[in-house]
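Two complexes, one shared chain (chain A), two partners (chain B, chain C).
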Partner chain A sequence: MALLEVDDLRVSFSTPDGVLQAVRGVSFSVDPGQTLGVVGESGSGKSVSMQAILGLSQGARVSGSARFEGRDLVGMSAGELRRVRGAQIAMIFQDPLSSLHPHYRVGWQIMEMIRAHDKVAKKQARRRAVELLSLVGIPTPEQRVDDFPHQFSGGMRQRAMIAMALALNPKLLIADEPTTALDVTVQAQILELIQRLQKEFGTAVVMITHDLGIIADVADKVMVMYAGKPMEYADKRTMYYKAHHPYTVGLIESLPQQGAAGDRLRPIPGLPPSLLRVPTGCPFHPRCRYAMDRCVVDEPPMQEASGGAAHRSACWLPPDLVGLGPDVALRREQVAESGRDASAQTATVAQSQPGRR
Partner chain B sequence: MLRFLARRITFGVIVMWIVATVVFVLYFLAPNDVARTLAGREASPSTVEAIRHNLGLNRPLLTQYGSFLWKALHGNLGYSYINSVSVVTLIAQRIWVTISLVAGGAAIWLVLGVGAGVVSAIRPRSFADRATTGLALFFYSMPTFLLGEAFLLLLFFELHLAGLNWFPGSGYVSLAQSVGGWARHLILPWLTIALVTAATYTRLTRTSMLEVMGEDYIRTARAKGLTERRVTLRHGLRAALTPVVTQFGIDVGTLLGGAIVTENVFGLPGLGQLIITSILDQDLPTIIGLVLLASAFVVVANIVVDFLYAVLDPRVRLT
Partner chain C sequence: MTAELRDPSPRTDEDVLLRLEEVVKYFPVTSAKVFRGKRDHVHAVDGVSLDVARGKTIALVGETGCGKSTLARCITRLYDLTSGKVVFDGEDISNHSRRRLRPYRRKMQMIFQDPYGSLNPRRRVGSIIADAFTIHGVAEGEERKAKVQELMELVGLNPEHFNRFPAEFSGGQRQRIGIARALALHPQLVVCDEPVSALDVSIQAQVINLLADLQDELGLTYVFIAHDLSVVRHVSDRIAVMYLGRIVEIADTDDLYARPRHPYTNALLSAVPVPDPDVASRRERVLLVGDVPSPIHPPTGCRFHPRCPRAQEVCAVEDPVLSLQQGDRTGHAVACHFPLTDGEAHA
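The block that comes next holds the complex of A and B.
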């Protein structure tokens, strides 16, 4: 049975400018001990969807379901959800400096976490805090336990966050861009640490990132998100070698290739849409080079693609058109061409560039 | 730490010295007969002569200045000829009234102001928020004397007419005489000074809390599974208190120098009333003493605030 099973999760916020639909129907599942990578640009809804599941997005309207060990987190009372948070599902965040409270000692913050869920004596909690700090590789933890966060380096702070997150041996760890704010060398150490502890404790991990390189390192399955929706869902190998969705293909192609010096990077043109006014049809169509007529009108559902087991993609291109490379691109181009009506094409251009009218 | 203290005290002494010098210049070098003024309007010529001799006004200017500073440094603030008592004694008789007033008032306005600020910050734009904001602005914009008189009218006069003597209209009973009497005589002044001041704290706390509650470490606190109450108070309020502490130091320091309006409305014989009478009587030694004392309070309050900063926020180094 899946540890976490999310079905048609929707999250919206009312803002003075209208309703902002941050997440518009996300479904995925995480198995025990497995790592799910969630990739997307900023504003794609990847962080919001995870925070909404835990009731951490203030003022959000959340619908759908998120079954954790069979219990739906979305409908849960605040008190019940609080007992799940930290103890069963822990979270670490992007910026370890601002994520730790500047006025309290690191050890105190870990002890607070333990004592919020377990009735243990202060002394015992403190001993556990020292153990945890040593587990995540903080040197002389007996002394550093009494340090304040500002006395730690960036990497050490993230280690401390991880120590805190793992204090109660949670079944699921949600890591929200845990290495974005760190140096590259420290990044690798932190990822390695997460993986080592994951193996040791059998923790499942949801790794939220915009960095496909990190996904390649750690993930078992990958979900690509765009404009609050999943675009593609597959295991890691399929995603990298047999991607179906043009957005995924674009993401992979915009990565700098090793040994390909002198080649130009190929960025995806345009910007993600505003979530206050999501485009009709496929949300990616204004930026997609294979956009066809129906993409403007009909929103493609997640459907099976032939890259591998459980490979699903939200794109109208034929399900067997998977992979990278010039010949696949050519075939995609041909399909797209035949899906475009000359008169409708001008309409598409006009619609996607309203400023020209 | 010691260096910090030494530096701040030195700085404070310099400030006090400047204040003392300005006071000296204003009152001793003004183009009038200082001895005459000091003695008060109805003093006899022999008293004036005696004062002139006592003050050494016939000595050179710098000598006078030096001796003024020297005496002040040794806690001798001069002699009030009008009250026939030394200024230090005069202050000592009244300072506890002001301290009682300010301490009690401060406790009330801190609890009310910060409490209301937290309530309105938890749910911004809610009814509770708008109500506290409205109330805060109401009391903030109300002159102290008006609120004081309103309390006297409603809670003293009207109740008195109804045969209920709950709140005395004026006077002061010392803490040593009777604890109950002390509190009963001070409750209306406390409320007056607290309500007028609390608004500042409500606004300050609200703004600061709203900012802090959006911080990442608050999200972490929630993600840890702490109760919302603990998140708000232990994590939110703790971090939001810094600007409140600054304001508190300034307010207490200023008011200790004399809560003039409140003391006069409620007939409390404190420093504020002494300021008024000494000005009306042109009792210059007393005025000088009070000015020096008031500036000392402000200087000390600032040093204490800086200390509290370091206690509240470990990132602050006292250097």
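The block that comes next holds the complex of A and C.
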């Protein structure tokens, strides 16, 4: 049975400019011990959807369901949710400095976390805090436990956050861009640490990131999000080698390739849409090379694609058109051509001019 | 106290636009110690020598606190140097007064990382770009407006948007505004300080292509500062790897990626996540222990020795000199007592 099963999650905020639809129908599941990678650009709704599940998105209207071990987290009372959060589902954030209280000692903050959920003596909690700090690789944890956050480096703070997150042996760890603020060598240390602890304790991980390199490293399954919706869902190898959705293909192709220095990059033209005014039809159609007439009016549902088992994609292109490279691109182009009315074509091209909107 | 650290690249007939000689920049640290008479300093840049060839791109890479941004601000003389020389197009500008620097300000410009913080939110885009014209008294009235619109067109912005405010543009578009502003006076050298790291992947590629096109079109020379090694590989001809205020390795781009010599370069390259699951699972990471030490009291000897997997006793005592490898013809220099050989680098 899946550990977390999210179904048609929707999150919106009212703003002075209108209703902002941050998440517009997200479904996925996470199995015990598995790592789900969630990729997307800023504003794709990847962080908001996770925060909404944990009841951390203030002022948001949340609908849909998120069943954690069979219990729906959406609509759960604040008190009940508080018992799940931290103990069963832990979260680490991008910025380890602002997630730690600057005024309290690191060890005290870990102890508070433990004592909020378990009735243990202070002494015992402290011993546990030292243990945890040593587990995450903080040198001389007996002394460091009494340090303030500012005495820790960025990497050590993120380690402390991980120690805190793992304090109560959660079944699910949600990591929201945990290494984005860190240098590459420290990032490698932190990713290694998360993977080691995951193996040791069987924790499931949801890794939210914009870095396709990190996903290639740590994920089992991958969900690609755009404009508040999942565009594609597949296992890691399918996603990288047999992607179906033009957005996923565009993302992978826009990366500087290893060993291909000097060539021009192939960016996705245009900009992500405003969530106050999401385009009609497929949200990606204004930037899509293969947009057909149908894409402008009809929103494609998530449907099966033939890249691998449980491969799903929200695109009107035929499900067997998967993969990268010029051959598939040509076939996609041909299909798209036949799906366009001559008069509508010019409109699509005009819309996809880079930087002109 | 600084060791001899020159850029030992073979100075052939290549046209050098910018030459740095032993550039040092210390920042005083305010602390209670002033009362005891001795003041600590952050050794931000500690003896960097470098040649930048005209029309080429040199990248400075390294982690937080390695001094790459400080060096950029020393090059453009936004900072005064503690010691050393900045030679631009044959003229030593390291001690020029503000007045004497003025003509050079036109020739070298900077693009900053944060497209939000580097544009005044209360001013219209057109007037932000036109600043350079105002300051240097170039073009007036209609002519100035025409020039601004031409620049906006050049960087892929809609020229009709010159009356808008920065808030009306996305991050990628703002970075284009920053680029337009930098190019206003036809500079020869553009120092790009992490120009794409705040942008989303799909937008990053747009801006990188733009920078490449502008280089071809206008013959620009770039000093490109970044921590993303895959971007750096794509844009640069030559790369200098920095660690705690020093260059530890410098080489042509392909050579550096194929044959890293310094253990730090090797670790850095191996730590970059590769967006390819098969490669990622095959690859072995060289994990460094600990964090970058404080630049206030940098380690003795080789500054990398406390974290270096190859360190031996001599490394803690003797500071290695940046020098060419034996028989090297490409200008691949490394500052290490025990550089890696061909077979030892990460795959």
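Keep this in mind: the second predicted complex is superposed on the first by the 345 of 357 C-alpha atoms of A that agree within 3 Å, B and C clash if a C-alpha of one lies under 4 Å from a C-alpha of the other, contacts with A are read in each partner's own complex, and residues count from 1 in each chain.
By definition in this document, contacts are C-beta pairs under 8 Å (C-beta built on N, C-alpha and C of every residue); 3 or more make two chains touch, one makes a residue touch a chain.
These numbers come from a predicted model, not from an experiment.
Q: In the superposition on chain A, see if there is space for chain B and chain C together, and answer fit or clash.
A: Aligned on chain A, chain C fits beside chain B.
Q: Output check: A:A78 vs chain B and chain C. Expected answer is one of first, second, both, neither. What do you get?
A: First partner only.
Q: By residue count, which of the two partners contacts chain A more extensively, chain B or chain C?
A: Chain A has more residues touched by C than by the other partner.
Q: Figure out whether A:L56 sits in contact with chain B (first) or chain C (second), or with both, or with neither.
A: First partner only.
Q: Which holds for A:P326: it touches chain B only (first), chain C only (second), both, or neither?
A: After superposition on chain A, A:P326 lies in contact with neither partner.
Q: Looking at the overlay, what does A:P16 touch: chain B (first), chain C (second), both, or neither?
A: neither
Q: Return first, second, both or neither, reflecting whether A:M91 touches chain B, chain C, both chains, or no partner chain.
A: first
Q: Contact-wise, after the overlay, does A:H101 reach chain B, chain C, both or neither (first, second, both, neither)?
A: A:H101 contacts chain B only, not chain C.
Q: With the two complexes overlaid on chain A, what is the closest approach of chain B to chain C, counting only CA atoms, in Å?
A: Value for chain B versus chain C, nearest C-alpha atoms: 5 Å.
Q: Which chain A residues come up in both lists, the one for chain B and the one for chain C?
A: Common to the two interfaces on chain A: nothing.
Q: Which of the residues in chain A come into contact with chain B in the complex?
A: On the chain A side, the touching residues are 51, 54-56, 78, 82-87, 90-91, 93, 95, 98-103, 112-113, 116-117, 148, 150, 161, 164.
Q: Chain A touches which residues of chain C in the complex?
A: 63-64, 156-158, 170-173, 176, 200-206, 208-209, 212, 227, 229-231, 233-234, 253-254, 257, 267-268, 270-280, 285, 287-288, 290-292
Q: Any idea which chain A residues touch chain C in the complex?
A: Residue list for chain A touching chain C: 41-42, 139, 153-156, 183-189, 191-192, 210-217, 236-237, 240-241, 250-252, 254-256, 258-269, 271-272, 354-356.
Q: Mind listing the chain B positions that touch chain A in their complex?
A: Its residues touching chain A are 215-217, 219-228, 230, 235, 238-239, 312-315.
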